[in-house]
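Each in structure tokens, the structures are laid out below.
Presented sequentially are two complexes of chain A, the first with chain B as partner and the second with chain C.
== the complex of A and B ==
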């Protein structure tokens, strides 16, 4: 069974170990600004939320790519970018409605979570299990839709 | 089932692949009239700066992909459609029958009515053939005049600058990319380009082009200036390639009119991509968007319906991302705002940073930004999901950069589990 990243914001302490691990894995430097996973801070609520690509089935990024530079890693299900093919046109960065494909000025290419080939370093580095790598039963778009529905007044009325 | 697709761009190729997934046994044919394998015009700017070979612009691996998918690719021009007999006549005299036909013929650059555009130094920038001509003439140190600072004009600026030419840009509008960015954002682009040594003329048009000595031309501008050039590039907009449907009873306006199933007024003929006038997500009106993400969305929806699924599109969101000599800008949906709506903006002229959000009630309906490369896609998510922002609207009015926080907070459970 394929696995996916499971993120539980309630457990996140905002330590940014995930960003350090991700940037080191992908760029060879400890540089959170180049991490593909991002921890968002909510000062008002005193909360943190790690956030990255859900490897959604729709794969808007992959469909929008004009040069076939994004493909599915059949082992992990991750949508991965080929640096050789990516021309840096950035169409995927506006096509992804989750904002998780980003242009890197350092490389002139786009970057996104690739699940580290099946051993995600963010999950390995997380000291509180806020990020875990688990069997994927429901993830991707359905999960995003379910989450999006939470913000709708109609959904609030029925819960 | 015999599916025939006319046009080998992104809309046609995505449609063919989607059809193959849905129907393993169907006959699927793509007919395109350009001499190269299916390629992407989006990649041409990167070909112009030698970042990629011509093959780097190909939509798919031409040797393996289409064969593996059992999709026939025919290099021919389609001359005529007989909608009654459901038959195409090709330029070589042969004919093709179809059950379902997809028109994905794209668009072509339009030329403004300027005397001298037929001179050999004048080229558009649309096909790989155009790109080869530009590479040949845009030699380091030569003078180049670009007519039109729209999306295509701006996206090839960097390539021209990197080729080492002396560049002048002439735009009729009062700012750069007037159909994608507002005055502040367009102004930032103009200052940025001027700082890079580009001679920018806005609110200005070209009166005429004349041959001059040494294979040069002279470009006469409406502001009285005269520019000498070895190459003139026209990038003044595109128009849907509807010629093929002239003489049929299919409804055509700015493009081929299609319903939410991408079906034309003939139920067996569909249209997708730059040639199609489909429903716009933001306005509900039928518009020709002529952008890459819309082309691929159209291709997929057309294919679903051609294969017998009943799939209605909720409309494509108009959006663009542009890299102008290193300054990245983008816009989404109703970036110019709506009557009675609210807006929030952050403008930092010195740092070339700009973000503008447009709300209707408590949801986002449009946005534009300059100098921002991180998480811009979430603007699409916020607009297309019509997420009710609640209190986050007020927070965004205070700090319009907190778009990702707003999205995450509105869609994720933040409390302790």
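== the complex of A and C ==
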């Protein structure tokens, strides 16, 4: 069974626990500037949006890489970067339509979400379930359910 | 470890920035943030100095848990001598600035001297330099934040700065960070502006990687987060309603002061409560509360993000105030609302925006306007002084008008900017100032609740709820319920809250965690992060040491037991109606006992044996 990160921006409070969990997992430091997931704050609307790689099946980054440094982790479906192969050319950062592959000055390589080998730490750290790791067939299920509940006639109207 | 072990010293007179090692001997005694920076202040600043002169210093300090995954671990404090009180000032703020300072590799910044021209400090990791502040001086805190982001083209830059009120010399201006978080009380922003320092902009990419025992730290912080999530206050009440959950509660128990504390109980409380903020309004079908927001690393997320009704008179023709921004917290809602008799939620939210935009402490500002309103009502102040504004209790229009003047420094601003103590003295009504050591009360009437009166009277920074929040016990029953009107046991209760809070404020954590956390939840997190012994016992002793050190600074500044007092109104004028009818505060029954449990002399001095016990 393949699993996916399921992000519900409406539940996000902007605390950045996910960014710290991610950077701690990948660099051993609490360091949002090196997190592969980013929380964006839209101040005037009062909204927050956690954003990271969605692991496209037909991944633009993988197709664009001239040295085949990006491969599929067969256990998780994650597109992962081999630091040994990556030459830091950044073509994948141009190819990705979502901007979720990024160059890191600290390493001279590109970096992206690798689903932490199947136990994504951002989801584990999120205090509000804005980020969950769910059966890939059920991404969006929560919102579908909420929407379905809204579409029901009220109990009063049916009696 | 968890400290970066580095201090940035900025000499504004010489224009230099130098790095120096953190004094680890002091760090082991005072932990960080409030405690450690206060230690530096007491060692380096003459307590008798002019708070707004070049001899005062201003320290921005993080704690060892700032910038970590410990829940709420994003706090920093601003420490200096206060221009409002003349006592030690320490104001604590959340947001994201503190963590960023730590990621840049600095435990604290010590500002000294005074620049001859407006400047701002730019920190990019270990690079720090003073830059000309011409383009931002004279701008609001919000504009300053925007301009610095545009100038440096860095969306991740975090800014702490002062608004226009600090430049105009308002004695209770805040240091604002991330636009709507504030190191709010005691005029720390006024000290910053007095040094011609407009802003600190920081970007840190180094992170924190030197946790002493990382495995134990992750376990301890995860345990702590689970406790917060399961607790009814931190897991449900605060995220849903914010601190505003208290408005109806405190009014209900008969302890909500109103109209400059002339009354207790406010008939308009419901209109300005958390429940009212969640109610969809007629004009656009939206509630005042847009969402809740968190400070860095906080799993509680009590912050209010609000919008004003776009058809409301205060913002009708001002699209720049129709977006979402920092909404009303309980203390602000009380001071701006109940204390002035104004129950117009939209007007109060707009005034709160202006407090954030130009950086004034809404508690002292609201309470000062309330004192002016009482003097307007008895004819002491007239429309001649207020520039034609009918400054009556309950008038939202007058309050909005005078606040719009205030932020630009016009009209009655200079008088209101003095705070209520100097204002009431100026107009010959000193008893109408609701202050301790010159700082205004927050939102709990000490006639209704005895212990908080003792906490106010003995607070090292003047009247304040955050120096010993006995409301937790006396109203909410945390950790155990004590009777509101009892004086027995309140000396011990106040001491316990004061010492524990001093420790929490020195760790990088938010004091709101203590609705759920005891020291047995907090100490293991510090102990795992830092070298040295941070057992529960040592944490509590450290808190007590910090409390006594602050008291010694004040003693050297000229404060005595005579300053541990409450205004006459709270000791003599009984509550006229409601569940606490007939009560006054009985400070005299508690204060001698408090000195005794502190190990102080009968006249409130700290004797040698207590100093030795605490290694002071």
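We take it that the second predicted complex is superposed on the first by the 137 of 159 C-alpha atoms of A that agree within 3 Å, B and C clash if a C-alpha of one lies under 4 Å from a C-alpha of the other, contacts with A are read in each partner's own complex, and residues count from 1 in each chain.
Here is the rule we go by: a residue touches a chain if its C-beta (ideal position, glycine included) is under 8 Å from a C-beta of that chain, and two chains touch if they have at least 3 such contacts.
Since the structure is predicted, the reported quantities are computational estimates derived from the model, not experimental observations.
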Chain B and chain C placed together on chain A: clash or fit? fit
(message) By the touch definition at the top of the document, which applies to A:127: first (chain B), second (chain C), both, or neither?
(response) second
Q: Scan A:16 for contacts with chain B and chain C and give back first, second, both or neither.
A: second
Practice item. Applying the touch criterion given at the start, work out whether A:30 contacts chain B, chain C, both or neither, answering first, second, both or neither. Key: second
Max touched-residue count on chain A (chain B vs chain C) belongs to chain B
- Does the superposition put A:101 against chain B (first), chain C (second), both, or neither? first
Q. What is the contact status of A:47 with respect to chain B (first) and chain C (second): first, second, both, or neither?
A. both
Which superposed partner A:93 touches (first chain B, second chain C, both, neither)
first
Overlaying both structures gives a minimum C-alpha distance between chain B and chain C, in Å, of 7
Residues on chain A touched by both chain B and chain C 45, 47
The answer for chain C against chain A in the complex is residues 67-69, 71, 96, 103, 156, 179, 204-209, 214, 225, 229, 239, 290-299, 301, 303, 305-307, 323-325
In the complex, chain B touches chain A at residues 10, 14, 40-43, 45-46, 51-52, 56-61, 292-293, 296-297, 300, 319-321, 323, 328, 330, 332, 373-381, 384-385, 387-390, 403-405, 407-417
Residue positions on chain A within touch of chain B in the complex are 8-11, 38, 40-42, 45, 47, 49, 51, 60, 63-64, 66-68, 85, 87-105, 144, 147-148, 150-153
Listed in rising order, the residues of chain A that touch chain C in the complex are 13-17, 20-21, 23-24, 27-34, 43-48, 106, 125, 127-128
